[in-house]
């Protein structure tokens, strides 16, 4: 059985599950415990098939669906296989989690949600597999639609409806740009199969047009500044498994498409594309992380952190593109490896974090950081597993997030003598900015985890919060172990990525890396740079146990409990802890120009003083509102045409007639 | 000179074989009209209506099968003929006519319960509905451009009566505008037909033959260009008025908004198609005679204008039916644009889009009808949260809107994809314009539809079950065709496309 | 004799044009109806003339039909209508008369220029009148635009139909019978429906002033 | 693969670090006392303190979770590893490949995150305040440190500390202007990271100013001991980094057993001088307001980046 067929079977199973769910849309138990585990199993099968597919030659199949001239072409090469594996790994976790997560009476009927969820998965898988423009567009929009319906699953809330609308609109605008991009790529051959797009050799101008269109289209989906505005609205609105999938994989499909077009379909890369991508990515990363630190809604916070990580991913892509255009395959491969590694890592830890917030949301009904806290005592499972995600997200060794950042920084260090001097000067700056972003994301994650899970419960009801159900725990644990595994054993992962980089930039790291054994990660040589997370962890762990034992033996292991000391301050309340606003305050001060801030400070004489600060996105005022106004103005003008008077209407038709006759009569 | 004196006569076995379905096709609605003129006011009237439509559809399918077997059918001394271009339109018309009659049965009953309709009006409504169908089928199947004109005019008259059936001030105003504007438009078409006749007269010689499309098509290259160019202008503007091309579209939103919803459905789904079909027939001749692509360019211009203006006007709508009327203008513009581009691919896209649009748009109007009835208003701000009252209506409206906005995997996207891609090839600058318009339309319609479907409701429950079989039948077809177009349909479209040429 | 009749056609054409102008200028509805009747008569005469000259006997039939419809039936109905609706005067037209005349003249010039090449190609004896026909079509169009009341608009519509008939007769010695009958039928039906409408409009808005028909709009 | 000699060196370095770290702290305090005309505590004071603390019975807040109790060990472990991989005595360290400069920074970050989380765990006003300030300092100091290390690793084009030391110490002497900037930056960073004046004053419990003390306010007994010890390890580690980057001479080569014998005293001398300088800085400079700290550190960050640029510009 062909590998691709197995993957298609998995997709078919997903769709089938969705349809079966429609049979009894309101039977929560049946949908949750009956169907979702199956789909999780299917996801695992997908991982297996995809990982095998990485090492197989490209396979393609033509379905008898689609347009007469352009049936669905599907093709699985290493690039597709890699992303499929990521999809499988993430969806396995979210699916099993959803089995425990699904509740009655949360907006759309469970069965319908199940259908949307699985269509979403199928859409993403097909996006990765599609091998012609039509199939791609169909899969792409199915993905967008399904996720849109998931976003507004709880559509009673006006804010959620607004978020959904904004999301769908931007997705559609992006799709239009993508369609135009394909239109340029086919270079007037009228053949929209990728096979044909590959062989076209466009002039630099048209190639750049195509690239920019693709950047707009996929940037809108990935949340590249300034097309990011939908992201922080939509992610909090969606049910947590959906947000996990959207943030974990859907954004990556945009990255996939970017790679596909820039490295596979376009047969040339210009250096400034890379520079553009680099700059935008950097801006996005900084913007995202700065906004992450000042959020007060935990899912919004995570959404912004997704923006940040996507930014980092685009930085890597941009670097790779630059090196490619300058014919430095080794460096390109290194950058691309970092990128793809981060793709995988982010898929895992971000979905883990979103699922964690999901359990918190169900246990407490709160998303507002100002009303959470101290949950580590009520819900230890959720807390500790989320901690893994948080540490990974803040790029700390020895977890998954660190490896990709390490590789990325290495890329900067290895960057020497680019042909263009100012690029050479630019590289250290970018490196510094990336380091800053990494550090700031640590700040944000400490805020996130600390405020949600640590400290005193800020509300009375939190004391009654229940921990994650066992199915949810399995889901969380699956993803958490993924983060750890990716962090501890980077070498096999890089071997897998090597397949992709060989395909895209004709160079891979596998040989050099394998030369140093599976324990040590050294992209070029040990003398140059090396990192071995496992030893790292072992030494720390050994020291810890040794110290602990030593202390026990030499002294004692007693422990007494008492009320907190707090400089002897007698009566403390949970309100005395830092709020999330307080935690974000220094960042607000330092990065003031990023924000569009409105503060209501109480005057000394207020009877009931209130402190309020609203932080908004400048781009909203810079770009979106002007566009909206412009469109409305045009519409108002258009309205003039239709003003009800029959004589005027007759006049129109009369004048049209005369004009046409004049044109023809000549 | 009387009809039967001219024209070549077909071998009897052929006529004997082929006259039957066509005769039945045309006769059954006329008969139905007469019958309903007597019984239309009774409860059973609606059922008769459905039955007759079913019969018509059956004949249409029969005809389709015949055509699928053989080539073009020409009967009644060439007065009527069926080729691959009009046969699928015939089938479509009959089918949508049937589903609409199914939808109209419960819908109109409620209207009657609510006192907006009375017995006599029901009679008028049913009779005119059938007559309207008959006229459109006649217009589609006739070979004589004069008869085509007559049928179009007659169809206008029927629909005028149908639009004004409520006798409310608004409906009267709409009907009046509809009548005057379309009357004037159609008059121009008549002048165009006249000029065509004049041109043919010099080649074929006066008489019946000179207006038969098949004959004209045979000699189209010899027709006098100067006359033909003028004739095409008049015909384009004349029938274009009925197609709802900007800037002669003004009757369309009013008529759609104020008439009964089933009528809006058939207006959007069928009448516009038929008018466009008339334009196509004329375009073929004009192209043949002129050979300078002028007709194509004109249609492209009108198409673009329609798409753009309609898209922006969509932003300003408050009345739900009016909004979808504008979306009809937009899509008609798109189709006209496609045929204006010409060439097999674009024509294929245009024909496909015709089909998809009538299926989807009529489905939308069905859903809209129920929604408006439930809410007791057509003002969109007062319709909220349909999903809670009746999920089927809600989803019908939502999916229909997404489909009409060109969201995959629905069929409209397929045809739009074909049209846009061929635009990218033949008229690169036009593609971004169209896409911009589509984006605007998307923003406008979704902004309106979403709150109507989702959220808290303010709509009261109606005692009756809505007839949603038609809605989901149409949407299902649209979805199926978006994913898979059966080969026989493809070959059909291909043949039709090659017929249009350009 | 033949020559005379041939010239007569041009004469009729001229009369038709004059009538069209008269209609534009005329404000009293009654006299509009009279003008319309006259137009119908001219049309009949022209048709018979052409029919005689070209020995196409079906033109006589169509002449008869025209007479019955446009000289007898429609005017009578119009009279009835105006009596029942008590409309005597049109309100001040949207464009003032002189300006309308000016535009009309321009249209005539335009129409002639447009028609001349075609007329040259026509085989008909009355080819030169095609321009006139086109001109009067455009003129009645203009009239419909400028009139502010329903009845004059209807009359304009009908006179446009007349001009089309004249064009048919003049340029091509009449359309095929079948078509002509169909057209006639449509016109009749259309007129009847219009008549019904007028009453309904009247009872809804208790006026025939079409300014009342301007509420459906985008603002 | 691990040579016995290398193993020996590694163990020796661990031992020296763990043993000498409190001594270094003591030495700094002593110098400070002298300069401020106070009677200095004995050099061994830190050891006594540690012993006392270990002996005591720890008191944990009722609400303290496992995270709170685990953190001291984690932090201690991190610092120990840090001291283990920085070539202070010898460049022949088997553990060195396990973590290069970037990983070292990551290591410090790990420790910082844990201690901040632990501070937030109990949920007192001061704990969260401390955590916030610590992270604030951290997110500026971390990239600055990284950049400093980068300008060194650009010279040796390698991020492995061993290679850096090897390159700078054992190839013929050369002046690197970029290192001047890096040096200043590094000094500032290490002041901030080790909670020294002017950024923080380890000897105060004044709510408005304290950072490090606020973090460990809830700790007592063995936990506190471990944290204090970790702190002095951190100071030791930073000093070693500084020495490794800016005056790496005297560090033993690979399989040069005798070299190690004099590497030890050399290191002692260097540390003594370094400690004295640190005390001097702490004495002459005044504690700055917490809001000034970001500017202070931003300056360090910028200097480090400029160092990189200078290196790119001058190619040295």
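Per-chain residue numbering starts at 1, and chain names A, B, C and D are given in the order in which the chains are listed.
The criterion applied here is as follows: contacts are C-beta pairs under 8 Å (C-beta built on N, C-alpha and C of every residue); 3 or more make two chains touch, one makes a residue touch a chain.
The structure displayed is predicted, hence computed values, not measured ones.
Colleague: Suppose you hop from subunit B to any chain it touches, then on again the same way; how many hops at least until you reach subunit C?
Modeller: 1
Colleague: Nearest whole angstrom, what separates the Cα centre of subunit A from the Cα centre of subunit B?
Modeller: 45
Colleague: Per the centroid of Cα atoms for each chain, what is the distance between subunit A and subunit D, given in Å?
Modeller: Chain centres of subunit A and subunit D, defined by C-alpha means, are spaced 36 Å apart.
Colleague: Rounded to a whole Å, what is the gap between the Cα centroids of subunit B and subunit D?
Modeller: Their C-alpha centroids are separated by 80 Å.
Colleague: Can you work out the whole-Å distance between the CA centroids of subunit C and subunit D?
Modeller: About 102 Å, centre to centre.
Colleague: Enumerate the residues of subunit D that touch no fewer than two other chains.
Modeller: As it turns out, subunit D has no residue touching two or more other chains.
Colleague: Two or more other chains in contact with one residue: find those residues in subunit B.
Modeller: Each of 176-177, 180, 184, 230, 253, 313, 316 in subunit B touches at least two other chains.
Colleague: Using the touch rule from the top of the page, what residues of subunit A touch 2 or more other chains?
Modeller: 638-639, 641-642, 646, 650, 657, 661, 665
Colleague: Which chains touch, pair by pair?
Modeller: Here the touching pairs of chains are A-B, A-C, A-D, B-C.
Colleague: Would you pull the subunit C residues touching subunit A in the complex into a rising list?
Modeller: So the residues of subunit C touching subunit A come out as 94, 110, 113-114, 138, 141-142, 144-148, 153, 210, 213-219.
Colleague: Can you check the complex and tell me which residues of subunit D touch subunit A?
Modeller: Within the complex, subunit D contacts subunit A at residues 54-55, 57-65, 67, 69, 73-74, 76-78, 80-81, 84, 95, 97-100, 102-103, 106-107, 109-110, 112-113, 116-117, 120-129, 131-132, 135-136, 138-140, 142-143, 146-147, 150, 153-154, 157-160, 163, 205, 207, 217-218, 222, 226, 291, 294, 301, 304-305, 308-309, 312-313.
Colleague: Under the touch definition given earlier, write down the residues of subunit B that touch subunit C in their complex.
Modeller: For subunit B paired with subunit C, touching residues are 1-3, 144, 146-147, 149-150, 153-154, 157, 160-161, 164, 167-170, 172-177, 179-180, 183-184, 187, 190-191, 193-195, 197-198, 201-202, 206-208, 210-211, 224, 226-227, 230, 253-254, 257-258, 313, 316.
Colleague: Mind pulling up the subunit A residues that touch subunit C in the complex?
Modeller: Residues 638-647, 650-651, 654, 657-658, 661-662, 665 of subunit A touch subunit C in their complex.
Colleague: Using the touch definition up top, name the residues of subunit C that touch subunit B in the complex.
Modeller: 58, 114, 117-118, 121-123, 134, 137, 141, 144, 150, 153, 157, 160-161, 164, 167-168, 171-173, 175-179, 182-183, 185-186, 189-190, 193-194, 197, 200-201, 204-205, 210, 212-216, 218
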